[in-house]
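Structure first, commentary second.
Every chain is named by a letter (A, B and C) in the order it is written, and numbering of its residues begins at 1.
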């Protein structure tokens, strides 16, 4: 094996470049008060934030992404309890990377079967244990209610990193952060630009889509139209109770579509989800909703995907300018850095003017 | 979801307050020599310590608990090997939190099946590996002898974090630390106060109780009487060989009792253990020995429990002043911080006068 | 239990002493350029290095081993992704210890079943995730090809920590480092010393032996003769394609032997491998190739073993001067410290003159 076979380049593709976060950063004026308030909140749902808190979070994320080396110590001496009772390497490493980059220490739980919970210990007791051992908890659990059982007993903040089919709020924040980096004017005070967004998936059943829709409802002025692209077989259970009503109440124009290629040419943002887990309906889904470089996408359109992907998203899109899903994954680390810093009472270390 | 639904308070319940460790701290005069000597010892059994070493450990733990932020770097550059071949989140996180709070780094082994031991590697070879890779080992193993097999080959200290049904010495130290925080005068040089202690459990079979009794035998002057509260069915196997004799040899008055409520009104300290693992006898145990807010406890009595708890300890006791089991769990972190610092030759960084 | 039962000594056996790395250090003149170039390479195979790069790596390892405390911060702020999809505590902890000693942070993956890979995620996507989350990847996988699938998508360096039966290059570097520490003159510019090396094992099937042979082929002038000691039953499959030819092409005299004790008295270095995994042929192997203190070893001979060991290497050799396998394991940490520092663009922090 010679040197050429093992050499690699550290260069970044353009889409990851510095230009985008810096443009977003310039668009928003700092107001640290909204960040300081995050020290008293658990992160449970995508709709717990108001517009200004979100804008400030995106600003802080963009500030960190523009110059990560400046933010290597804000969490010094802080301990994260990374509790992934439902296995997930991707989300776990994203949070842990964010925490480590900020200078904090981590204790991981990666297997429910090794914990007291498996032996029937009540979650309030587990929460009490966490109070004593750490400064913040990140929790993923297949049981949607575990989060709420723990919350009441906690005196340190907890982040919902996916609770069953309910929500995954920081994923949705990362989704929005990608959109606003791509088009910062959507967040400007005097914005009159709007985008048409298509979501391939089942809002009633997918936690990432559920949280994403809640985030969109906070920025209705940025949405020209929202199209849910779904298979005919799930029409009846497409939305969960109240989900559609919430979006319409804030004035978002909502439509549904079963033929993806009919609507693709008009979309600015395509949000597509892993659909392989849908069991029996996989083949149908796979055939109908398969995005490739040959799909009739608008030239300027971007694709988002929470990853890991299945067959629904072809790798031939990776080298195209539609690929914002890698940027979305990368940005998630900076978004989480911003959020975590605020949650453990260290916002004053990263705010410009206190 | 609105802000109120997700807000929380960082305030601590009174029982965790600063008053108690500070009172204990004032009671004991520092003598660092006893702490420096811990650098040459493995921690194997609760009876390896003499009175003065324990007093100094409790003093150091109280000093750390009184002002944890002062002690964020003593273990900088030190690596802990956290080897939990028998699964345990609670004890593992307690040790790892202690180590991280002191500024050290950690490598965890949480699964025996992934190690050479599973393939038949001898423990002396594992110990030799540990010598090269870390500065301290914390070991839990269902096999009581693993600890001793490793010890002979180690040139770095090892802590027994539970070896089968044998011992769990740092748990017992944490138990004693809770008692002395509650009533510091028990540790005073001129002490003439004594307490009556009841233990619900089977000393011959439970490692936490075994280690706790060994600790009590080191402070006989603090014990007015010791009552073992047990189910009639285990009378024959209540004590292990020599266990009863050891206690009586140091002058501790020992009695046994099968009806808990008969003795409760006279007890100052009630030490109750998880009993759910007793298999067939669970129902009987659960019925007979179930502590609740309605139990006939002395008003000033405190309850200790090594946790995790089962049905034997009702959650309705949590908000009462009897609840010292949460303080006990919290204090265990500080106790371990004190011990670990001394074991890896960093005592001089935390002693006031060297 | 009294103090004597639990006391231990921190002293190191002579073989681990400071003398050897210092002698090696003095033998080689620093040329940092070769180390700086390692920042653009993945570590895939033992034959990717040239002579001078290896010499400089061994020099740096010896410098670190001579005074480890001087090198506690070069990786500050850097994150290692320690991905052991094939379980291995020994190699994992060796890498993690090296990284921690240099001041870096670590995220571990110890179980393939908890990752997206188990769900069919492509390795290029996993690599893209790693790009975003860490600064270096250490990978062990039973599938020899996983490494190559990841490499193409990586913009951070990856180290092969064992890929199926293919290679384990850092183990081989550690093997060579042990040999050169033992006899630094082998690395001197004007060297005319040579050693006779025996390898007990099957070069075609064992990744540690494969990588070790590739390293030897880089230093042919140090090898008087190379003897492969093997069981008669594997004669046909002893070498993989081209393996023998590679060695002979660089002028290494190669022979094979089936009776170990016939050749032992002439060997300077005996490299023996765990052979217990050979299934049916275990008994034969165990009987024939069992090194003990009674084996007819040259008085000055050293034994190397990649560990963990089985019955092939008797513990009665541990206290003898033949035991260099413990030194080899210990040195592996320093060798990896040297390599890792260079790979993540921090060589200039450890080079004397930049």
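As a working rule, contacts are C-beta pairs under 8 Å (C-beta built on N, C-alpha and C of every residue); 3 or more make two chains touch, one makes a residue touch a chain.
The structure presented is a predicted model; accordingly, all values stated were derived computationally and were not measured.
Because contacts link each chain to all the remaining chains, their graph is best described as complete.
Although chain A and chain B carry the same sequence, what matters here is overlap: shared residue numbers make up under half of all numbers found at their interface.
Between the CA-based centres of chain A and chain B the separation comes to 41 Å, rounded to the whole angstrom. Contact of a single residue of chain A with at least two other chains is seen at positions 108, 110-111. Only residues 1-3, 5-12, 69, 72, 87-90, 93-94, 96-97, 100-101, 103, 106, 108, 110-111, 276, 307-310, 315, 326, 329-330, 333 of chain B touch chain A when the two sit together in their complex. On the chain C side of its complex with chain A, the touching residues are 40-45, 47-48, 77, 79, 81, 105, 107-111, 113-116, 119-122, 124-125, 128-129, 131-134, 151, 154-157.
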